[in-house]
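First comes the structure, then the notes that go with it.
The first chain written gets the first letter, and so on, giving A, B, C and D; residue counts start at 1 in each chain.
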Amino acid sequence: MLVRAGRHFLQIPGPTNVPDRVLQAMARPTIDHRGPQFAALGRRVLEGIRTVFKTSGPVVIYPSSGTGAWEAALVNTHSPGDAVLMYETGQFSTLWATMATRLGLDVEVLEGNWRTGVDAERIQGALEAQPGRFRSVAVVHNETSTGVTSDIEAVRRAMDAAGSEALLLVDTISSLGSIDYRHDEWGADVTVCGSQKGLMLPPGLGFNAISDKARAAAADARLPRSYWDWEDMLASAPAGMFPYTPATNLLYGLAEAIDLLHAEGLDAVFARHDRHAEATRRAVEHWGLELWATVAEQRSSVLTAVLLPDGHDADEFRRIALERFDLSLGAGLARLAGKVFRIGHLGDLNDLTLAGTLAGVEAALGIAGVPIRRGGVEVAMERLAAS
Amino acid sequence: MLVRAGRHFLQIPGPTNVPDRVLQAMARPTIDHRGPQFAALGRRVLEGIRTVFKTSGPVVIYPSSGTGAWEAALVNTHSPGDAVLMYETGQFSTLWATMATRLGLDVEVLEGNWRTGVDAERIQGALEAQPGRFRSVAVVHNETSTGVTSDIEAVRRAMDAAGSEALLLVDTISSLGSIDYRHDEWGADVTVCGSQKGLMLPPGLGFNAISDKARAAAADARLPRSYWDWEDMLASAPAGMFPYTPATNLLYGLAEAIDLLHAEGLDAVFARHDRHAEATRRAVEHWGLELWATVAEQRSSVLTAVLLPDGHDADEFRRIALERFDLSLGAGLARLAGKVFRIGHLGDLNDLTLAGTLAGVEAALGIAGVPIRRGGVEVAMERLAAS
Amino acid sequence: MLVRAGRHFLQIPGPTNVPDRVLQAMARPTIDHRGPQFAALGRRVLEGIRTVFKTSGPVVIYPSSGTGAWEAALVNTHSPGDAVLMYETGQFSTLWATMATRLGLDVEVLEGNWRTGVDAERIQGALEAQPGRFRSVAVVHNETSTGVTSDIEAVRRAMDAAGSEALLLVDTISSLGSIDYRHDEWGADVTVCGSQKGLMLPPGLGFNAISDKARAAAADARLPRSYWDWEDMLASAPAGMFPYTPATNLLYGLAEAIDLLHAEGLDAVFARHDRHAEATRRAVEHWGLELWATVAEQRSSVLTAVLLPDGHDADEFRRIALERFDLSLGAGLARLAGKVFRIGHLGDLNDLTLAGTLAGVEAALGIAGVPIRRGGVEVAMERLAAS
Amino acid sequence: MLVRAGRHFLQIPGPTNVPDRVLQAMARPTIDHRGPQFAALGRRVLEGIRTVFKTSGPVVIYPSSGTGAWEAALVNTHSPGDAVLMYETGQFSTLWATMATRLGLDVEVLEGNWRTGVDAERIQGALEAQPGRFRSVAVVHNETSTGVTSDIEAVRRAMDAAGSEALLLVDTISSLGSIDYRHDEWGADVTVCGSQKGLMLPPGLGFNAISDKARAAAADARLPRSYWDWEDMLASAPAGMFPYTPATNLLYGLAEAIDLLHAEGLDAVFARHDRHAEATRRAVEHWGLELWATVAEQRSSVLTAVLLPDGHDADEFRRIALERFDLSLGAGLARLAGKVFRIGHLGDLNDLTLAGTLAGVEAALGIAGVPIRRGGVEVAMERLAAS
């Protein structure tokens, strides 16, 4: 029996800390997924999740990770060889592009520097340069690997300005329920999400919010699909049912999590994330370390990626944080490996847990020999106490 | 607050009753899926699940339902247009065939009467009639819609006798962990399973056990795939890791469930299922009702499908059982709708819960006006008490 | 790891099966027992429990077993040497009398045969024979050792008829929440209860409902007391507080349990217990065994004590039931040891769990070689199906 | 639904944070307290708890709060009018003395200033001044109201030096499992504890560790007792049983908690508490506030009481900490009300939760207008990082 006293600090940018009430909801006995009690649950979550996506249209829920929901978004809307315009914001946009390529799509990636978000003008330019070429534009709202948020509304305006008929696919895996997102108002066609970030659930559920246009596009999309097929899902949804066995116990948790979000109030949830992010950034800047995201207004409210000075190994630092302080931080991914670490400050989080986190980061940086100015926690707490 | 006193009787053929220990395991805090604590969990379940499939080869675990594991088995081993020989044993074999067709495969179905299992000779005949045509043979070990079990070893022998190079794909969704199954010894190439039956978990995990031959076949299988791709899974598995976020809390439950199976002993588990099935059949026969499965040795140890006399609506009977006795029974599916009901007696079940179930069935049959001879519970208990 | 498949059948007359919702409520994090969140909980349970006792007066809740609540009832209302009139209905009335003696009271016990309830006329007689002698009359509403219920209202009338000023102390440990009980209407002065029976909680809480007269009597009662002192409890109760640290997590469960009782409806709860008791008695009579309680209208709705024929060891039978069928039944206590077994049918129970229980009893009786007529479960189910 | 994001900081000096594993253990189904499965549990906890008290003698476990265990210690060892020598260390020693008086004992209290621990010389003096007068000496090991720890070994030596035959009763309610305590080695006769502090359980269990001498003394102690009587408990203990229904689910938690303490190692547990206490004191001193405990070596490792400057209301400060930072701190009790607040740093606690706590204290002090020097968290973390 490995034992560490006290509660683990899970401050990666997801999976996030699951509230006790959600964990308990998941521990209820499994029920008949074809019976009336399940139907009530099914309707509750299928209705409820729409309020989080801010859509009046349907949201499909898969037993899958967010990666599965990426695949669902692609296979329901594309035929083999269809062109997709994607924008490289970091490792997750890259993985999504790789997936699209593996599924047989013709992917054009607008390269990025991983430190800034989507430049909507470049999307407009690409669309205008090749009118009618792209079946879809796919972007990541909050790039989990870099802590950079992109302006989805601007992407929509750029697409409209270019007169594009392309579908807009948006990954909100690490933003939904933490940063304001508006599927309908911003004109997204498919919004992709997973359960384990702002929705405060364990991993295991994937989501697609679907516009009318996307659904219509699915009718002539010929990528082979069965598990991910929207129509089967949409046919059974009005009855609160699913075409195959759903992940019942995660749905129990989802119902509870939606209630929790609304009990706090979505706007209050977003404001909380903004506060925590700002406090975190103040600590980082006080330490004298570099925020990886270079454009202030693009800095994410759900995580902060921090660049270590040359010669310092971010993974060694993270190992110290875990071993000495039972604190899990996010690694730098792919080209950022060893250079960057990521502090998750999303989901079910409060001021003092953030303070404890920052205290752990500061102390572990010290032990790792990274030169910093002490006092970051104090600076962060001053910010939190002021509001 | 809808309240019914006492514990619900969930006696559908899956999802099954989840042991408290498994539910509690699932309620533990979610952890970093890239950290050392997760790696230990990952190795534990990836190793452990092999003992249940009885394979020395790898088993891939997806965040998905069993339906997803069906899709995974197909897309990893086939190219568009590949021929698959399937055998119609009931609704689930039919759904799998439909899926294969939707994925672009050339499906040949050996039609069946839904009351008997796979006739291995017919498979041999089909293979011999069209040598080299079939990339794979796909059969269901235990047909959940009918309560009929098929002899997988015989299928393997038939394929060998026909000199077929086809892959053998087997669905054990409702048999694994309840009825003896031997992936290696019986020569299966891909064995498909889900978490919510004999594994005593909520739904949300899908499994593929993979033979060397299947893995080699994947190398030239060209159906587009990404989420389901085995190679990504197999590459990260030795480290206890997954290529995308796994369903951590269900994996906690899986580790516990595997321990429970081995603590009872797999052979004891199988014998328990056999006993419960036999007792159930004795009750049904005592009542004077017809067992849907016509061949004695094919009658399933995990569920019993019962045919109601003409003029009696099985769904109305089930409604009564649920409303009056808080007892969930399985419906007749597709062509069996309204004619048949199914008693699940698999998973975490003991004699007295089975007795309560049969008492509820007998009483609800009476209320529904189905003519029966009373005393089925007594007959069943005599059987159980005798061993 | 000892493992038995399926759910244990806990059919002793308490502790009873705790609903999942109550168990989950108890697993919430402990809170500051002096803070505002606790105050809300405290008020909720202190108010709520009064509806179950049917009193407009206060109910005190101790961190204790029911035995502690017995002691509380005595020490708050008596001075050393005070006379108490008790009525022997079985082992629990006897234990309460022993306690009273140990606490220095002058206990007069009206002897009984353990098969019938309180004879109110004898109480009247005793009171009239020694006017003014008794400080209190103490009786057990439902004698858990024998399955006999007494008419508390009749006791009150008898006391009034005798012109007695004595306090009426009633033990409802195994009746409250299962059999109708009315503290105010029936004129009880102190009603004693514990958490682990009809209240569907684990053991660990003791209760005293207190009449104005009892509280006034406490003012001049001189038995030494501190932990059990009502006044400290009553002083802090309006604020939802307790004079020393309360059993917070059991109080979480209590709040949930009270909600469950009211959601089902107290009258429905009582009717359910009546039905289950009657069905159980029909099975016992069908088996040809003797109901220990000899007076029909005194037979308890919460448990049924069954006498085995001479030469049969009830404990050996119970051992078989436990070993073979994972069924816990109540032992014969004291003079009933080895002769009687007790079936609990109280708390969170439904028809099919009762059917399973009776099936287990019938089968274990058979294995134990007790001569019975088979078919008791069927008879019981017929009764249950009829209503 | 009142909702606050994130986990509450319960940093009162008990109840303490209960580990998830203990909470889950408590949520297991209740079992028959007279059956073999319970017997195994009973033996496990009755044996296991002795290792925490460091005694080879028996430990009795009550369904009660720690206050009940105080009463048990007194009523088992005294007769009415017996003299008890007590030492005033704070509010809890005072409450214990009040209890003793209410129970009819002749209590002599050595008055203290609430800022220092037991002065063993004064005890020796009192014993020598009235040879043979005192049946017992009762002291508090760790005074929860003041954060002062007393030297129990010194008390024993003083009693021996005085040639006293008195029993030594020790309250370890807030020290056991957090600060080293040795029942046998230090010559305690009765050691009193409760479940909700260092044992990391919810409240609801009381403990008495009993020396041979104490048990012998009980034989002629004539205070009325029944619920608390040791002999009934000791008679059933070898079988793992209890004379009345035990608090089964809390015992599940106790078994788990004992395992957790030993898995970490008692010495490691004590060292962790020492570290956290020292870090906390450094923060307090950095802030420029006064530690209530005046003697350095008596400062408690489980809590720190802090004196606010004149004119500042500690309860208003605590209200701010709770409202703004979801942080529960301990109030000043009795004569310390409004002047002192108490930081609990005991039980299941780690460095970062302590850091979060201190950050909350510092910020709330600022908001409350208490003049402090900022930077206490940093100072505390430096201490923690250094070891």
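What we mean here is this: a contact is a pair of C-beta atoms (placed from the backbone, for glycine too) under 8 Å apart; a residue touches a chain by one contact, two chains touch by 3 or more.
Everything numeric here is computed off the predicted structure, so don't read it as measured data.
Student: From the centre of subunit D, which chain's CA centre is farthest?
Tutor: With centres defined by C-alpha atoms, farthest from subunit D sits B.
Student: Looking at chain pairs B-D and A-D, which one is connected by more C-beta pairs in contact?
Tutor: The comparison resolves to A-D.
Student: Centroid of subunit A to centroid of subunit B, CA atoms only: how many Å?
Tutor: Computed value for the inter-centroid distance: 34 Å.
Student: Using mean CA coordinates as chain centres, what's the subunit B-subunit D distance in Å?
Tutor: Distance between chain centres: 54 Å.
Student: CA centre of subunit A versus CA centre of subunit D: separation in Å?
Tutor: Spacing between the chain centres: roughly 46 Å.
Student: Send over the residues of subunit D in touch with two or more other chains.
Tutor: In subunit D, 2, 7, 17, 20, 24, 27-29 touch at least two other chains.
Student: Of all residues in subunit B, which touch subunit C in the complex?
Tutor: Those in contact with subunit C are residues 1-7, 9, 17, 20, 259-260, 263-264, 269, 272, 324-327, 348-357, 359-360, 362-363, 366-367, 374-375, 377-378, 381-382, 384-385.
Student: Sort out for me which residues of subunit C touch subunit D in the complex.
Tutor: Counting only subunit C, the residues touching subunit D are 2, 7-8, 10, 12, 14-18, 23-24, 26-37, 62-68, 70-71, 80, 98-99, 102-104, 194, 196, 202-204, 223-227, 229, 244-250, 322, 328, 331.
Student: For subunit D, which residues count as touching subunit B in their complex?
Tutor: 20, 24, 27-29
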